[in-house]
Amino acid sequence: MALTGVLRPGHVQLRMLDLEEGVRHYRDVLGLQETGRDDQGRVYLKAWDERDHSSVILRQADRAGMDFMGFKVLDEATLDQLEKDVQAWGLQTERLPAGELMETGERVRFIIPSGHAIELFVHKTMVGNPLGEVDPGSWCKEQDTGIAPLRLDHALLYGPNVDQVLDLFTNVLGFHLAEYVNLPDTDIKGALWLACSNKAHDIAFVVHEEPGALHHVSFLLESWDRVLRAADIMAAHKVPVDIGPTRHGITRGGTIYAWDPSGNRFETFQGGNYSYPDWNRIEWSWDGLGAGGGLDVAHRKLHETFLGVVT
Amino acid sequence: MALTGVLRPGHVQLRMLDLEEGVRHYRDVLGLQETGRDDQGRVYLKAWDERDHSSVILRQADRAGMDFMGFKVLDEATLDQLEKDVQAWGLQTERLPAGELMETGERVRFIIPSGHAIELFVHKTMVGNPLGEVDPGSWCKEQDTGIAPLRLDHALLYGPNVDQVLDLFTNVLGFHLAEYVNLPDTDIKGALWLACSNKAHDIAFVVHEEPGALHHVSFLLESWDRVLRAADIMAAHKVPVDIGPTRHGITRGGTIYAWDPSGNRFETFQGGNYSYPDWNRIEWSWDGLGAGGGLDVAHRKLHETFLGVVT
Amino acid sequence: MALTGVLRPGHVQLRMLDLEEGVRHYRDVLGLQETGRDDQGRVYLKAWDERDHSSVILRQADRAGMDFMGFKVLDEATLDQLEKDVQAWGLQTERLPAGELMETGERVRFIIPSGHAIELFVHKTMVGNPLGEVDPGSWCKEQDTGIAPLRLDHALLYGPNVDQVLDLFTNVLGFHLAEYVNLPDTDIKGALWLACSNKAHDIAFVVHEEPGALHHVSFLLESWDRVLRAADIMAAHKVPVDIGPTRHGITRGGTIYAWDPSGNRFETFQGGNYSYPDWNRIEWSWDGLGAGGGLDVAHRKLHETFLGVVT
Amino acid sequence: MALTGVLRPGHVQLRMLDLEEGVRHYRDVLGLQETGRDDQGRVYLKAWDERDHSSVILRQADRAGMDFMGFKVLDEATLDQLEKDVQAWGLQTERLPAGELMETGERVRFIIPSGHAIELFVHKTMVGNPLGEVDPGSWCKEQDTGIAPLRLDHALLYGPNVDQVLDLFTNVLGFHLAEYVNLPDTDIKGALWLACSNKAHDIAFVVHEEPGALHHVSFLLESWDRVLRAADIMAAHKVPVDIGPTRHGITRGGTIYAWDPSGNRFETFQGGNYSYPDWNRIEWSWDGLGAGGGLDVAHRKLHETFLGVVT
């Protein structure tokens, strides 16, 4: 099968300093649909065009950040094989029972060398999008409710041992490296954009001393017009913006980085390029990341917050 | 590997009633780059953001249409395996030598039950895009030269035995069915949108008496604004338009169908949805294709030319 | 004063075969705000960004079409002067009392040679837009409710004696001719686009045997993306579309023509050019109107409905 | 006449520290057309959709900034009357002979209380746009050459005595005030957006100690997509960007502020609202200008450069 193995980002669990404030942000401002709450008090949300039950899970916590990120894999055989492969690569894995996460099957979890908990799973209840699966229309009111992204698209994670992460994701999990940044005056890959599809990226990493840190989770919009509308809606709700609207040179996406009420960065972006495993990787120098517009095509500088502020 | 097997549409060879007129269309109006001519007189072109040497090959002929469509596969092992699998499925295959097509390696060709010649290949010289692979910019003059699509995206082919084609593409070639149309008052799938990636489709078929017919080859634009610009440029060059600008309900893409000087239909489209092999297929009824906006969201009708005009 | 005299289209009164169905269309699909109903049963609506109380008035009637179109003028002195000038030009005028139309002052009405009732008025209660007039935001929910045009922009009216209308509007009412179409094989101006501002047009006329006919009233959208969204919303509500999405060569606007439930044509358009009284007029030949893309840049033909279907 | 008196910004003369470098910027990066050079060595340029001979004049100088801004008025009678009115208001006026500026008639010049030289003129040779005036197309290559704005749109000028400027522009020159900013903790209008049309503004002023300073000259683009393309082209040519892409709350336009090689700020913007003389003015508090998004909807702050950097 052409698209196989790890299919896509399935869910992220984010920590909220004030859960209901977080729900108001992700549901009423970002415009995700609330699809459930579990007995732990966690709140489940999905973007309007996603088919699976939920992609963003919020929980009350004392510290912001991301608990884990899960990827949907093709089938049980894939899950079993990847579990073995990850173990063979040297990581411990844990099986979380079906139902521990609402409407989600058994998950295989492991801590990758950057300190992040990554999960693989096969089953999540397919609830569909509001357009339906038979003679669907092309407009639903959910498209105009809040910022209304199409989907959770990817996350950018900060942590140590990025070289090992690269090995794990490309040689075990089947991702390909689409773009990378070399650390200053070296040819050490300090930032990675990795895809398990022909998207520009499904997950990205930047080397960082502290393990397990979240730089941002990203949500896909349909157009650059919708990015401006996102800015308008953020302004209407006093959402603090970090960077943008601008274009990233890396991935060529049009983007805004902003912060949720707990201080987690999120991105609303559109467009950008796509990638294939046989293509030459796009290489960015450290200067290219800053002055070359890798981060910000309009301003061509390395915003301080980009390297320093994570949760 | 997550993206493996058949990677993407690699090339189509189109027949031109007047080759130089065809070149002027695809190069000067559509805005592809001419990358070579071979000793058979064939002309090779690529879209500006494609990395491979060429995606559209034009040749002089007495009859319009498509000679063959080729897909790039991951590696030699994949090619050998798919060759065997296609043979096992019951088709004869032919190996065309490296270099028969410029800057292209050996190709495995077979005629599928709809009468189309499909090819698989591993090697095509990677020439890159004008932005480069190290600290690339985000603008090059090729983006503003002609309609300037990013890439050859897919083709829609007309022919018989679409049920067998579905079996071949999904069970042998690793594609997944993203959307389909049932024939009137039946549950027979008469039209298929198939993907080997998470694109909305990489190839599509509609059942048709005559084998081997071409409905259109499609080129991807960055935005709906660029679709309007495409209409402006078509007008400036008196390119006859079939349908659009409009949105297809199927795939949700914004689109124009138009004709090249030989009467082959081509599409300039943008956006649209994406697909995954585990998603429920989107089903269209015959009424949904017409009155339901499957073909044309704005006009919600089955344009006569859609079913009747092919090359 | 630089912008003086006749300022802008202020209101149109449209006849609905089924008033409540009409209200549902203009309010719930087009997305105008209902601002009042009077004791005659007329329903008043405004576009979200308009400041005046209402711009579209609907009434129950046996026949579709437009009762009258009113223009706001600068002040009482202007109204008195224009009243005299119109009389001097040879038309009878009538004063309608303040309050006859809700929240609207005295109106001067006259029947122009094309058979349409045109009104001038000074006062209409200024209710503002939802963004407010002190430190306004840039987003309000009304922008995303229905198609949500910014304003009533212009109307295209069909009737006889277009040459006299041209004289009246340019020499008495202070409009300038921005673009015109010559009748086939003549230099008789058979279609006029007239502006009292630097818009592409504030009113337009096409010569037609039947007096007093309405071709369409037009509503302005912010972007070509919003035109596609309009098509999506029309599809969701089964609004029949006449022409578009496409670009008019005339005025260069991106457009959709569609029909309200009573059969009145309305337009949702965006962009286009602007005009100044000192510019050379843009001249369209009859062929230019059709094959030259004057009506439809994408399809370059004279759609039959354009000339034949009015209310 | 509805649009009369002062019609529009006609030209600005900008000082370049290195003339040819300036020409390369305005012609090759911004994409204006060079239309002439005079015996003083001044270079004349126009935007592709402008009809008049030129709108931007560049000259070599030791100091950056703007020499003068000229407005086209309707006719000779208007010019004579405005000359008298300006004199009656208390300013000295000067007549510059026809031809002193290429292809431009006699100009009436006066220094307004903010220290800027403002000119009024009637004649400038109309050279038209590349689309032509008979059956024009909707695309020309000039649209895709450089950033390619439609027109010089307005300028923002910094200087003292803004209250007097307001009186002059509204009570003598016929402009209307569209939006204004109150100085901190006062109701003194410290910033003015003034229009002689139904544009959002044709000229703007901010109170400033130094007389005669230029904040920016602004060029209109067709869409927000074109603003992103402007950012891409600026990056390709290493044009330093000040603010944006973002939306101004004031005028609601999508914008980028950037600097030409001499340090003059220029703006590429799109959209935004429109204005009428009878509308309530939009009032901005000092907080509204900054935290309220008046300057920058996305970032909601008063960028230091906005108040401090002028030429």
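Going by the order they are written in, the chains are A, B, C and D; count residues from 1 in each one.
Here is the rule we use: a contact is a pair of C-beta atoms (placed from the backbone, for glycine too) under 8 Å apart; a residue touches a chain by one contact, two chains touch by 3 or more.
Because the structure is a prediction, the values reported are computed rather than measured.
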If each hop has to land on a touching chain, what is the smallest number of hops from chain A to chain C?
1
So the chain most remote from chain C by C-alpha centre is A
Distance between chain centroids, defined by C-alpha means - chain B, chain D (Å):
47
What's the distance between the Cα centroids of chain B and chain C, rounded to whole Å?
43
Distance between chain centroids, defined by C-alpha means - chain A, chain B (Å):
30
Contacts with two or more other chains, residues of chain D listed in rising order
137-138, 223-225, 232, 235, 247, 249, 293, 297
Name, in rising order, each residue of chain A that touches chain D in their complex.
224-225, 228, 231-232, 234-235, 238, 241, 244-247, 249, 254, 256, 293, 297-300
Going by the contact rule set out above, which residues of chain C touch chain A in the complex?
137-140, 144-145, 223, 225-226, 229, 232-233, 235-236
Partner chain C, residues of chain D touching it in the complex
1-8, 49, 51, 72, 74, 126, 128, 133-138, 173-176, 195-199, 222-224, 247, 249, 252, 271, 273, 276-285, 287-288, 292-294, 297
